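Here the structure comes first, spelled out in structure tokens, and everything after it is commentary.
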Amino acid sequence: METRVGLPAEDPAASRLDAEIPPGPIERKWERHRFDMKLVSPANRRRYTILVVGSGLAGAAAAASLGEMGYNVKCFSYHDSARRAHSIAAQGGINAAKNYRNDGDSVFRLFYDTVKGGDFRSREGNVYRLAELSLNIIDQCVAQGVPFAREYGGLLDNRSFGGAQVSRTFYARGQTGQQLLLGAYQALQRQVGLGSVTLFIRTEMLDLVVIDGRARGIVTRNLATGAIESHVGDAVVLATGGYSNVFYLSTNAKASNATAIWRAHKRGAFFANPCFTQIHPTCIPVSGEYQSKLTLMSESLRNDGRVWVPKKIGDGRPPDQIPESERDYYLERKYPSYGNLAPRDIASHAAKDVCDEKRGVGPGGRGVYLDFADAIRRLGESVIREKYGNLFDMYERITGENAYRVPMRIYPAPHYTMGGLWVDYNLMATIPGLFVAGEANFSDHGANRLGASALMQGLADGYFILPATVGDYLARTPPGGVDTGHPAVEAAEAEVATRVAQLLGIRGMRTVDSFHRELGQIMWDHCGMARNEGGLRYALGKIPELRQEFRENVRVLERNEELNQSLEKAGRVVDFLELAELMCIDALHRAESCGGHFREEHQTPDGEALRDDERFAYVSAWEYTGTLARPTLHKEPLAFEYVHLAQRSYR
Amino acid sequence: MSLGAHYTPYHPKWYRRRVSVWWWLQTWSYTRFVLRELTSVFVALFAVVLLWHIWALELGPEAYARLLVRLGTPLFVVLHGVAFVFVLFHSITWFNLAPKAMVVRLRGKRMPDWVVVGSNYAAWLVLSLAVAVILLRR
Amino acid sequence: MPATVALAVARYRPEEEPAPTLQTYEVPFREDWVVLDALNYIKDRLDGSLSFRWSCRMGVCGSCGMKVNGTPVLTCAAFLSEHLPGPIRVEPLDYFPVVRDLVVDLSDFMRKLKKVKPWILREEEKPLAEGEYRQTPDQLDAYKQFSMCINCMLCYSACPIYGLEPSFIGPAAIALAQRYNMDSRDQGARERLEILSGYDGIWQCTFVGECTKVCPKNVDPAGAIQQYKLTSAVHWLKTLLPWGAR
Amino acid sequence: MGRPITPFLWLLFSVGGTVSALLFPVHLFLTGLAIPLGWIDPPRYEALIGLLRHPITRLYLFVIIAFPLVHWAHRFRYTLYDGLQIKHLTALIVVFCYGAALVGSAAAAYLLWNIP
């Protein structure tokens, strides 16, 4: 049996990665950098082909923008319509430092909140750029027709969100992600109509083609016909989302997977901070052993909902019979200045704590109340309905409970991964010509992402950053030069075909899903909301065993030539089985607590995350060295010049 | 300039079900739709009956008397009964669907559907009374 | 409440059979289960070869539309308890080619959607530097309902006209065109007119109204189409006038 | 077949639908049921012919005959298309439906013009 156990030794000689952040004062970096970039003349752009994998917010925005600039773009999605991407599920909103409320917001404050919210594990340069671009994003989206909520005079309305004391979150009722994605999707469709973008639906990327050290193409499988095909180009953009589904149960869409980034990782792209996963505090609790997906309730609900559990252990009374004095509004108690709007990692962790104390509510005791009674009394039911109506409806559809009458029950669930492929300031991975955008990269959120920042980052990457930086890269490389007959392309195709054949040939007894579920349980128990050395070592022992069994005993059905969902899924689970191990290695090596990475050995006396800036103020970027070999750790040191390193406090 | 029903890349193995000639009997809502459309037949029939009335009146008092007798025969009573049901069905569906087809705005705000439907029914009532009064005036 | 419930699921294995058949499975009955949960149970425990698409399980991605007991629904929102005692018939959406089992091919819609230009069209784009477009809540209200469409295709599957006349652009695409026509930021209504009131456009519709009834997002495509008929007719009248719109 | 006049036909259809929905039930109920069944006495001939001579009555009658006929023609045409799936017979159906409506309307015009 294979093993690759182990904590990589502290390697003082680990190479230092350089993100190539432009020099100069932080508020001038991006502007200056843009000025220094090389440009491709409009007449020449047509000669460059860019492959964009993924059609969610980041992918659709990038493909549409690059197409509009005149590049020849091919965009790939495994859905049957680009608009099915899981960006649609984002509910709450998108941050922008517009300061419409005159409540003291500014680009710098958004930057500050984001760096602090990420528990000082993100890059200042990137985050500042993100805060700056937030203003343009909103205007761009409005111009594309996104139906943001409006105030009486016609200006955009906004609200507050976790981890911030100002109101800067713009929204379209409870379906901001959907409307933003539709905006990007429309821009994309428009370019498809104009002929600058070609859209490939039901097409899954299964490998990256690297030629002469540059990303030059991808190998895909047509999900309807099984055809293995290749596409070559001058640059590849991966915008394939996060890997929360490694936990099996998460709020991510069922098909969300890590295959594209993992295969790119195996071709040489470093994987950064894989253990930084976000467990979202407001999800609908697991309700039975057969559950196949979890549902997020927007964080925006915490604006008006109050989180509480009974004070007494094992209090089985229905919520309306528990008097005010016997309720513990623990977020308000522990974090008086932020209260129910404490950042996600903190709110999740606090929920876990009260449930571990056996004060949880609902079946299995894994839940806390999110109570709107006060807000309804204060504002009236119709106001609450106007603000959150569709969320309440969704809650009722899923649980059968009317949250206007009884408090919602919520519990944390895997939701977002801050880790991802390592990218430099230009969003380029360690393979030249490979760009990574949105949740697929690791760039802006550090160890914890603030609410309403994912949409912002995906769109900043897609609409504004990539169109500039990809151009800069292309201007330094002549167009074309390879075709699908290149030996490297054929070799990659052959590898993919072999992998498919291997999966089809195992003919074991266990379903693909059963492996996935077992892996998810291991990860949730030992690399989930809280981690410790013993548990991680245990997981590192278990995962290779599971992988071995998968290789011998998985049952993949039917054949390759047609729609074969078990084959699709098997390929994704293979990658999760490898990625899970890297997550545990990373979690084990990072002997500190920060943001979503909570190591039980490293906490303050009152249970808060305890960072070790002395030893771990860096991005860990892992290099793949073979399935059996220990991955090599590279470090990108983090410097904080504008936001001073401090113990995070939301009290 | 038909878009045509392109199904490319149309996989020969994909299954396409033909729509049955009896599709409108498969669910009650489809049947109700076809019945609604068939109300137009009774509308047209009654328009012809109105023509007949005018013609009889033009021919003189005897023709009018014969018309009255003819209308009293069981055949015509039954026919009129059936037509009445269909015409009522037509009126009700027509009024109820009106707000979908016509959005009435008052100072930028869309009038709620019930207001549009309600005013239709009110107009129906008023006009019916007016017709009855004028027609039956002695 | 029963302990189990039967699901009669349409199977179509193109390599084996010329037409779909129904296969019955017995699944545990749970109060909080939707049809999609039952299908997942079948796939996971009873028959791994069953194929169907789903993604978000929260009613926004539009992937899991199927016919349950003859009515097109999102299976992630169709509780088993609403369809007792069973057997509950689960079939692929009507009028689209069946790829396998419950999976249908939507290319036809994708092609049509593009034709109605469902994006903001402007004679002149305002530079980003000038800031956002303003829109009053009333102006937002004019099109908001139509912006909720999730392209789930339930309306196509409910529309007999689309079944009989596959060239018909169809409910969702027309509603989405109206979504942009009614948006105060859009100036493309003229550009969409030709396709919408052309041979395959609104005039194919006889207002069956089922599209609106099955819409899980209350988009009201039937209303959109009828309203557009009036718009188109008024436009036609104007073209008669010597000074009318060209 | 292009259909440049479809919007026009639809307008006539809508007017016919509205007129018949508002006015047919009362006419039909009175002349087809209430009077023949003796629930109310029939109006006298002189009263009716007097009413008929008034130009507004003639116009009214023309409207409630011609428009509902076009309403039928338009609606029935599509019912034939969809219900019987005979769209290939378009030309025949169009001539039959709208032709009949036209004949009916012409008859109405003729009769109403020639009232003594």
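Chains: A, B, C and D, in written order; residue numbering restarts at 1 for each.
Just so we're on the same page, a contact is a pair of C-beta atoms (placed from the backbone, for glycine too) under 8 Å apart; a residue touches a chain by one contact, two chains touch by 3 or more.
As the structure is a prediction and not an experimental result, all values here were calculated from the model.
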Between A-C and B-C, the pair with more C-beta contacts: A-C
Per-chain Cα centre nearest the global Cα centre, belonging to chain: C
Inter-centroid spacing, chain C versus chain A (mean Cα positions, whole Å): 29
Chain B and chain D: spacing of chain centres that average the CA atoms, whole Å: 11
For chain A paired with chain D, centre-to-centre distance based on mean C-alpha positions, whole Å: 65
Residue numbers of chain A (touch at least two other chains): 224, 562
Sites on chain D at which at least two other chains make contact: 75, 78-79, 82, 85
Junction residues of chain C, two or more chains touched: 14-15, 99, 105, 136, 139, 160, 164, 199, 206, 229
Partner chain D, residues of chain C touching it in the complex: 160-161, 164-165, 197, 199, 203, 206, 229, 232-233, 235-237
Chain C residues touching chain B - in the complex, by the definition given at the top: 12, 14-15, 19-20, 70-71, 94-95, 97-99, 105, 107-108, 111-112, 115, 136, 138-139, 141-142, 160, 163-164, 166-167, 169, 198-200, 206-210, 212-213, 220, 222-223, 226-227, 229-230
Chain D partner contacts - residues on chain B that touch it in the complex: 19, 21, 24, 34, 37-38, 40-41, 43-44, 46-51, 53-55, 57-58, 61, 64-65, 68, 71-72, 76-77, 79-81, 83-84, 87-88, 90-91, 94-95, 101, 123-124, 127-128, 131-132, 134-138
Of all residues in chain C, those that touch chain A in their complex: 14-15, 30-32, 37, 40-41, 43-45, 48-49, 51, 53-63, 77, 99-100, 103, 105-106, 110, 113-114, 117-120, 125-126, 128, 131-137, 139-140, 143-144, 147-148, 150-151, 180, 183, 185-186
For the chain A and chain C complex, residues of the former touching the latter: 79-81, 83-84, 86, 88-89, 136, 138-140, 142-145, 147, 149-156, 175, 178-179, 182, 186-187, 189-190, 192-193, 201, 224, 253-255, 287-288, 290-293, 295-296, 394, 397-400, 511-514, 555, 557-559, 562-563, 565-566
